[in-house]
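Next up: the structures, one after another.
One chain, chain A, links the two complexes that follow: it is found with chain B in the first and with chain C in the second.
== the complex of A and B ==
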């Protein structure tokens, strides 16, 4: 039986705690008596017969007819799937999307459906490479559809392939992929890694355009989402649900298939990364020592390559299909079952070890803006109830934060860093002053459409992601970061954890309470 | 006049005669004494009217392969499969393997169950290709059902087959009680089995009807059947070819199958054949086309068209043209465009 999440009260006998530092990690001794460490629940047992469970879900959907009954000869069927940003790290083959898509295609073939399109729902993310597509949908599906041009990626800047469906009562434009909108049935294949994934966000965000996205990817929505992981208190969630209603009213028929994965994040040689430190075996200690020593001497590019080659042994814990909202309610329960950890009370200082990966730098570089997004956008928001850190508290992150950018994947990030952040770090100011210029820049559009670049506006969204944390905390400190780069972000650099605690002391006093989120594996703190 | 060094010159012949006499002088009394003593120094005589039971055969289906599954033989085989056999197959047939992910769930189990692999059969190369293509953990615990009358008729052939490929003898036509008992024991011990349900190599390049052995063994042992399609080996070293040719091959693994509750051996065997047929289609076209054709019951049969004669061969050549596997064809020369 897997153990639930655990909050460790640090005492004098507690060993140093593992902190991620990008493509490396370190052990940090936290002050005894006033520190605690939150550990994720252990991975839930996987479904044994995955293909059987998928088939069962398709044949017994929630609040919809079985999939075979919705398929008929001559129909237009579109299958959309989550892009490279999920799951993290990429899962070992076969990817769960491949299994679900193959099961759907099996039924489509039985029903005599010929007109099938498969679309990667990547919104304003970068295009997936052939290898990434093959990994997600499998060689069989790729070889069958890509050469015919019926497996392709959503293009949010192609006016001819977008369909405007109307506005929500709040005046939000709803525009999605034309093929998806005009299909007799849109089957969405989702991986729900965290509670904010899935539901109407799959279609209303994944298949939409900038015109639509700007209504919920803005500082106002982000600040009032408390948190993204709590649907009832997330403005982002509400906006997507309003857009979903417009989709339904426009006659778009969606058959949603959602899957959840357990938190089995690292394969065996790196298994110690998910373990509680006092349970490390001699072999874990040896591996830690050997890997940190080796990584200290490894060029960053090579270290990145090594880490991005890690494939997680994630396994499926649930699959449900049918009506979008009904399915997502059950999916969210499964996510919470895996990730929720009860935590009592807030803390003065929240410490976060930032790993090498985020949803937006798969096979790429975690540039300074993504470091901010990962710490303040994602980890800060991994809560229900109230934030782990009290209002006016301090966040300490550990990451090298070098001014490194992937020139192909993140071209607009470079200009954002040099031009926008040099001017302001206030999300609201930058959204008014700079966003439009970046979003409508023809060169960025061209790069997004024809290469592997994120959309020009994407760095703004990453910055907005951390809006609530920026407003909530009085100081952000990055340990081990390049001082100049950290200052450009508007944060404070520190060379060691002790220095960081010292720097924080003028805000939170000499004996602050400290909480460390021992992630990854991912978890959501249910703070009461 | 004989040359001095000729062996038959008179002096040499005389020497040989003397040696012969000497040998006879020594052996003759011994032989005489032995003959006089008779049985047991000589074979027994058989009383009239008595039928002597024949010796138990030790070849064919009765060849004992236990020794080939012990550690020393396993060690040697591992070296052979990962060394010369792999190199030869890579050089000769360059197999591309697809569909291994369909076995991922079983491979992830703490104790992966033994499986029965059922490829189509066109060539002697098939076994070696499979020995290389079958994924771990099954590869190192794989026995190959080989025709008892072909591979186990001579002791040297039997020894080689057992050592290099971990072959076990099996009757082609009917899976006899002895063979099936032995296979059941092996599967219970965790060994996986590779068996050619067609019973032998294709005589004309098209497949043959599947026999029920694999389905029967699956029912008897509870092991799942993994359909496999091997494409291209027939063109490289098909039946009747004296020398192999260089080329490329494809191996496509299917999802494991088990007999349904109300399914008898014959129907299960038909389902295995249909699965291999669909994989064949998948190897020639793609997953989606194969799936659609299978749903419409339009998959190209493994056994080929009903008609005979040249049209059958004609259809075969068309099928081979469609696939990427097969003989390596020389690239067409492309002259650079230098303009006019």
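== the complex of A and C ==
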């Protein structure tokens, strides 16, 4: 029986706590008597008969007819699936998307459907490589569809292949992939890694364009999403749901298939990363010591390669299909069941160890903007109720934060770092002053469409993601980061955790209360 | 008179070259430069010559390259040893005027016919006069054994080289007139590319790489005399960036970020290391292999790269220049300028206006006595990282001058 999440009150006997530092980690001693550590629940048991569960979901959907009854010869069927941004790390083969897509295709074949397109719903993310596509959908699907041009990636900058469906009552433009919009049935294959994934976000975001996305990927929406992981208090969620209504009213028929995974994040050699430190065995300590010492001597490039080759032993814990909203309600329950940890009250300081990976740097570099996004956008928002850190408090992150950018994946990030952040770190100011220029830059569009580059506007979205945390906290400190780079982000560099606590004392006093979010594995703090 | 003198001693040049990467002081101490007490230069037997006593004399990059043994052998036949360096000079003239020196040793001072009426010392398309007439060879004062140079308490200069300084102008402003003239000349050299852009209805973009004193003067020149342009500057140090902004640059970025900044302004793509388009013209105020290559990469096809910084032997892949039909031109000095409005002006007149209006005296970061030349040269060599721009010798209180005034 897996243990639930746990809040450890740090005392004098508590061993040092593991902090991620990009492609490395460190052990940090937190002050006794006023620190706590939040551990994720242990991985829930996996569904044993995955293919059986998928088939059952397709045949017994929620508030819709069984999938076979919606399939008929001569129909246009489109299967869209979540892109390379999840799960994290990528899961061991076979990927759950492959298993779902194969099940859908089997039923389509039985129904005589031969006009099938499979689309990676990447919105403004980078295109997936052939290897990444093969990993997600499997070789069989890839070889059957890609050569014929019926397995491809959504292009948000191809006006010929976008359909404008109208506006929401709030005046939000809704524009999605034309093939998806004009299909007799759109089957969406989702992996719900965190509570904000899935639902109408799958289609209204994943298959949309800048014209649509700008209505919810903006500082105003992000600041008023408290948090992204709490649908009822998320403006991002509400905007996507409004757009979903426009999709429905326009006649777009969606059959949503959502899956949830357990938090079995790291394979055995790295098992200690998910363990509670006082339960480490001598072998775990040895592995930690050997790993950190080896990584200290390993060139960053090689270390990145090693870490990005990790394939997580995630296992599926649920699959449900049918009506988008009904399905997503159940999916969210499953996510919470795996990730929710009850926490009482806020603290003055929130500490975060930033790992090597985020949804936007798979097989790539966690550049400084993504460090910010990971800490302030994702980890800060892993709450329901209220943030783990009080208003006016301090966030301390650990990460090397070097000015390293992947020139192919993140070209506009380089300019964003050099130009926009040199001018302002205020999300609202940058959105008004700079966003349009980046969104419409022809070179960025070209790179997004023809290479493996994130869209030109993407770094803005990453920065907006942290809007609430920027507004909420009075100081952000990065331990171990390149000082010049950290300052460019508008944050304060510190060489050690002790230095960081000393710096924070200007704001929160000399005996602040501290919370450390021991992630990954992912969790959501239910703060009361 | 007291003077810093450079002799033609190959071994000493070699020592300076070896030592300069480690220590400019060492290069100054053991290289071809030495502090001497000797007679003032002899006046030529010709009209129009004066004795002048420097008040302030600047240390230029070309002076430093000589002291450090990096100057090109190109100059071997265009200068005459031994000589006293120093060509950025504000001085007292023996006729009572306070003057700045236009250092080029042109036709007039050599007793040769002018190439055209009203020609400035730098004018003329045949440089034979630089090694002829009644002076020893020398492209300008500070490289000619006959005239002496500004790193001394006295030198000689011809009427054609002297410009009276207005009373309202400080010595610190006046000592920047010569570098300002060089910067303005480079700024005006971008005009053909700028004009073409304007004729096409485009906003002309000029990039300036490097913001030492020459780069900053070029920025001032662009803003004043080619005002239509959008100026993008790559400057390495924060104080240089601040000066660049205050002198009129529109966009200022660290030098390493200049190419991307140019793309952001001009549009287009980055293809490999090159921009598909780029700025209409670039002023390279550095003059190294890397800086020239960089400028070729972000200047648009059929654009113009103006080489203001003095290069020596450089290694360049010119395939891009060939393919993009880029014009690479030098901007050594000054003379009679064709202004964008079609009028003719003398660069030094423009420079005197600029030095005053732009308050270029703020670029003077430190002054040294001539005796303290080793520290002065070290400061000049490390000006950027030490937060400085222009280092000058202050000769106003020199022993020789005082002795003369007492007498």
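Quick note on the criterion: the second predicted complex is superposed on the first by the 528 of 528 C-alpha atoms of A that agree within 3 Å, B and C clash if a C-alpha of one lies under 4 Å from a C-alpha of the other, contacts with A are read in each partner's own complex, and residues count from 1 in each chain.
Keep in mind that, in the parts below, a contact is a pair of C-beta atoms (placed from the backbone, for glycine too) under 8 Å apart; a residue touches a chain by one contact, two chains touch by 3 or more.
Quick caveat: nothing in here was measured; it's all calculated off a predicted structure.
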item	value
Touched partner set for A:494, first chain B, second chain C, both or neither	neither
First (chain B), second (chain C), both or neither touched by A:446	second
Touching partner for A:140 - first (chain B), second (chain C), both, neither	first
First, second, both or neither for A:40, with chain B first and chain C second	neither
Comparison of chain B and chain C by chain A residues contacted	B
Which superposed partner A:96 touches (first chain B, second chain C, both, neither)	neither
Partner chain(s) touched by A:415 [first = chain B, second = chain C, both, neither]	second
Which of chain B and chain C A:470 touches, first, second, both or neither	neither
Shared chain A surface residues [contacts with chain B and with chain C]	none
Contact footprint of chain B on chain A as seen in their complex	48-51, 92-94, 98, 102, 105-106, 109-112, 114, 116, 138-141, 143-145, 147, 315
Chain A residues within the chain C interface of the complex	411, 414-415, 418-419, 422, 437, 441-443, 446
Residues of chain B defined as touching chain A within the complex	98-99, 101-102, 104-105, 108, 255, 282, 286-289, 291-292, 294-296
In the complex, chain C residues that touch chain A	253-254, 257, 260-261, 263-264, 267-270
